[in-house]
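Every chain is named by a letter (A, B, C and D) in the order it is written, and numbering of its residues begins at 1.
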Amino acid sequence: MADSTTLGESLRRNGVSRRGFLKFCAATASMMALPPSMIPRIAEALEKARRPSVIWLSFQECTGCTESLTRSHAPTVEGLIFDSISLDYHHTLQVASGEQAEAAREAAMHENMGKYIVVVDGSIPGPGSNPGYSTIAGISNYDMLMDTVKGAAAVVSVGTCAAFGGLPKARPNPSGAVAIQDVVKDKPIVNVPGCPPIPQVITGVLAHYLVFGKLPELDSLKRPLAFYGQSIHDRCYRRPFYDKGLFAENFNDEGARKGWCLYRLGCKGPMTYNACATLKWGLGWSWPVESGHGCLGCSEPDFWDAGGFYQALSIPTSNVTRTAAAAVAAGAVIGVAAGLANKAKKSGAAKKHQTVTVDQLGKG
Amino acid sequence: MDFLLWVRGPAFDVAVAIFLIGVVARLFEILLLGRKPLHSEPKGGEFGNGMAEIFKRSVPLPDIVKRGAVTLVGGYVFHIGLFITIFLFVPHIELINSIFGVRWPGLPNPVVDGVTVVTMVAMVVLLVHRLLQPVKRMLSGFEDYLTWVVTFLPILTGWIAYHRLVNPYPLILGIHILTVELLLIVLPFTKLMHAFTLFLSRWYNGAVYGRRGVQS
Amino acid sequence: MSSLSIERGLYDFKAVIDAPIASYFSSCVHCGLCAEACLFYVETGDPKYTPIRKLEPLRRVWEQEYTIVGKLKKLVGLSKPVTDDELEEWKELLYASCTMCGRCSQVCPVGNDIAYMVRKAREGMVSSGHAPEPLVGAATRAVKIGSPMGVKWPAVQNQIKHVEADTGLKIPIDVQGAEYMPLLSSMEIINFPEYLGALAKIFKQAGITWTIASKAFEATNAGLQIGSSDIERELVVRVVDEAERLGVKFVIGPECGHAFNAIRWDGPELIGRPYKFRVLPARHGRDQLRRHAGCRYPQLVLRRRRRREQHGGVRAPPAQGLRRQAQAAGGGRARAPGDGVRQLPADDRGGPRALQDGDPDRRSHRDDRRAPERGLRRLLEPRQNANDLRRQGGAGGQREMNSYDRTLSR
Amino acid sequence: MSALDNIAVRVESAGNLTRNALPLLHEIRHALARLAESGESTAIDLRSIPFGPGDEADLLAALGTGEVTAQLQALGESRITETSYPGVWVVDHYNADGQRIAFQVEVTPVPQILAAQPADVADGLQRLEAALAELAEPESRPASL
């Protein structure tokens, strides 16, 4: 449960030196994708930061986001962040289950009314679809969400499913899945999309709230600009190859071995806004493009329906070849019909022609 | 993103369909008007000369180079630039490859970028010339300015998208594709159709000269 | 027999539009380059002389009748029909401001044969009653008298007598089975009878049989000039009938570009079958020509007019070089086969053609008394060096234009 | 690792090709100039730079190693190294599990984290005084409890 101890006090109580605290601040700045010049401000803010209560709701999801999050839950530094938040409900991680778990959620809501943060992963069946498609403890996802966010200070949609509907919403969307922002309209929302999001990004957003007591600056899709402000393409270390026109043509050619640009192999980097190119995965070990595979665009809405993963971004998503063939045939039919009508008109006009004589000319 | 998916999907389909239906229908409409069979004794080849004229016409007669300098230079720069930006930019090559299954190497992007700017400058010069030069101004109507706009917009939006001057990228990319779709839809029913009928016209012209034994 | 009317004109517009014309109109991008090639525009600077604009009525008929969008526009009342008044306005543009020299057809970057379309548009102009008066007169004389200038056979006979007296050679008339049958233009008959004498000498030297046809001596085809296939056909048929009745193997077309075009190229299409004889140009070797520099005639006329206006009706003395520049308009109804120092050789396609209407300003052309001899001398050199010709006809034209410009701007 | 090396497909010398270290070296040069002229310090977060494989090694090799190497034990290890260009430091933080948590280039006379912090100094002073007091009056201790 949230308490009134500040983070600074909490750290000191744990015997962390000031040097350690500065190091922690440096790590926090890096995690929040803030420049090192922000470290003193972070230190100042962290001193005074209080532990917020967090309620984590999981709906139509695969737990990948939680898996990702736990990868960031390394001991000590990031751990301290999580020591500093009060994760009061997370039905995957918590020990409690059944009525006890739901009671914990309700208790957290009551105690921190208006102050707690709701983190959601997974989409929900929309209000118009069958609520039975996804329930927890007999409560439909929609009802639980709406009930929980009532007293929330902010909602963080973690993962593309929660942020934009995700795979459940992929055509033909059998469960009528919708994103959290489609149904929650009256609360500040942060979308942290990705399939899954980079763990540091999840913790970074929470850290930002923890440090500054407010939500980070967002883009038009409500994603934190610090992480989603630049496209994969613009931050990609292979960008110089794109500019030079050096492309891998398949996954086993010279270009692929030399690490050339993967645009032609379907990399969606140019339209994808995420921090993979800089933060990377596995604590900075590598990321998809570095491992030789194009970006799938997983942090963008509807990425699953955005054409083939291995087709270049500029390729239309529909079967244009078939359309083109049909159009040519239709054009030929229309053209021949119009042409024959024209021909008939022309010969009709020619038949109407009366021989011009000079006598007529004279009268003309 | 929804917008980008729409312009890359259904809207592109519709635009391609209208474009192809229009072009094919227009070509039939033209060709079916036919030519009268000729009885005069030919003095030279019709077909070969017509084909040769398709290429030869690309070289302007020295007579008008000076008088038509702006139109000729501007026209050349703009058409060559258009060709390069359309057919030698890698994303475009991929698009063509996905539809027709043929691909070729592209030019480095900074080169295409530079060409794009030059192309736009040439187009603006041509527009100003159209507004100022008495003959062109007299000949020009709504269609001439409409076709200028629908030709210019894809170049401009493509350039903006490439440089990411508008955010988010999917929006400007979508606008770029949408303007191309607009161009595709407008093309068959305006003077832009010359992209196709030019070959017919040059051939007919060259054929007549060829048949009469005139070297051109 | 109904009288000429806008309805008949529109029917003819519809009837003449063929695939090439549809393609030409579809291709035009309004670049205005044809204007830069048109001497009427170059001389006056008035954009109304832009060649493609001269075809605006025909273009609108094409758009409204033969295009999908045009038909739709017509359906919803968005298109402007072609009216009688409009055609009357366009009369000046389609006749008095076009020699059909074809320069516009040669410079058009998309390859539009504008001269061809002007010729076709004139069909509708004639049948709608918008042919200009002087051409109507010429056509009437051509059909009724036998020659647009009113030259009758006795006049020809008279000239023949003189030529026979001068040369001592017999000019054969209506000889059945002769090999060659030359055609004459009225100008050649009246102003340059030396032409006939020269022909007689050449044929004598060559030992070839030939004949003048008393019923088909006139080469000029006013039908082509006014733009009426019917009249053009009537005049062609005269020549064809006589040539085939006499059984000649060759008909020699005149120097005049229009006249040659009519008999050589239009004739078989008009009668719908090939001839039983061949048509040869008055001079061989022109096939070698490249693009010609175009008809200079309007330039001359227009500058002269301007000059006269500037000098308050008093005609200024022609600038030096003016005559030199007076390139033939190709014969037509008022031109000799050659006059200036640099006669522009007509090519087989028709080459430089005569001014159809307006003020031909004949006197100015006849100022040059040496012209006939020069023209003849050329004629007597049937095979000129091809390169020589190319020089004169091609780049030479441009050089002349420049020197001419310099002369006048002095 | 030998099994991995047997796989035919691998990225070949991509680091040399991307050369992303070069612009960074320029940035460091400008920061160093500012330090020399006005004493202004700069820190660059290397984790926000799009490095390709080999780029980091390129950068570190280009910077070289200077006179000072320090190790810090606070919430895990930290390595602070002066490069061959005095005033340019590489600060590399790890957590207790040896995972990198921050990685910076600092252009400054001495990285701030090396200096003893006033709070820690005060704390140290307190502890030292307490220790001295304990030495001086060992008997009094139980009474104070």
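Keep in mind that, in the parts below, contacts are C-beta pairs under 8 Å (C-beta built on N, C-alpha and C of every residue); 3 or more make two chains touch, one makes a residue touch a chain.
Keep in mind that this is a model prediction, so the values were computed, not measured.
Engineer: Where are there more C-beta contacts: A-C or A-D?
Structural biologist: Of A-C and A-D, it is A-D that has more C-beta pairs in contact.
Engineer: Average the C-alpha coordinates of each chain, average all protein C-alpha coordinates together, and give the chain whose average is closest to the overall one.
Structural biologist: B
Engineer: Would you kindly tell me how far, in whole Å, the mean C-alpha position of chain C lies from that of chain A?
Structural biologist: Once rounded, the distance between the two centres reads 75 Å.
Engineer: Centroid of chain A to centroid of chain D, CA atoms only: how many Å?
Structural biologist: Their C-alpha centroids are separated by 33 Å.
Engineer: Would you kindly tell me how far, in whole Å, the mean C-alpha position of chain D lies from that of chain B?
Structural biologist: 59
Engineer: Determine the centre-to-centre distance between chain B and chain C, using the mean Cα coordinates as centres, and give it in whole Å.
Structural biologist: Here chain B and chain C have centroids separated by 36 Å.
Engineer: Provide the list of chain C residues touching at least two other chains, using ranges where the numbers run on.
Structural biologist: Each of 17-18, 66, 68 in chain C touches at least two other chains.
Engineer: Touching two or more other chains, which residues of chain B qualify?
Structural biologist: 22, 25-26, 29-34, in rising order.
Engineer: Going by the contact rule already set, what residues in chain D reach two or more other chains?
Structural biologist: In chain D, no residue touches two or more other chains.
Engineer: Judged by the touch rule stated earlier, which pairs of chains are there in contact?
Structural biologist: A-B, A-C, A-D, B-C
Engineer: Report the residues of chain B in contact with chain A in the complex, numbered from low to high.
Structural biologist: Residues of chain B touching chain A: 1-2, 4-5, 8-10, 12-13, 16-34, 90-92, 94-95, 98-100, 105-110, 164, 167-170, 173.
Engineer: Going by the contact rule at the top, pick out the chain A residues touching chain C in the complex.
Structural biologist: 334, 338, 342, 345-346, 349-350, 352-364
Engineer: Give every residue of chain A touching chain D within the complex, in rising order.
Structural biologist: 16-20, 22-24, 26-27, 29-31, 33, 35-37, 39, 74-78, 235-241, 251-252, 256-259, 277-279, 283-284, 290, 292
Engineer: What part of chain D is in contact with chain A in the complex they form?
Structural biologist: Per the stated touch rule, the residues are 9-14, 17-20, 43-45, 47-53, 55, 72, 74-76, 78, 91, 93, 95-97, 99-104, 106, 112-113, 116-120, 123.
Engineer: Using the touch definition up top, name the residues of chain C that touch chain A in the complex.
Structural biologist: 1-4, 8, 10-15, 17-18, 65-66, 68, 126-127, 129-131, 136, 139-140, 143-144, 226, 228, 230-231
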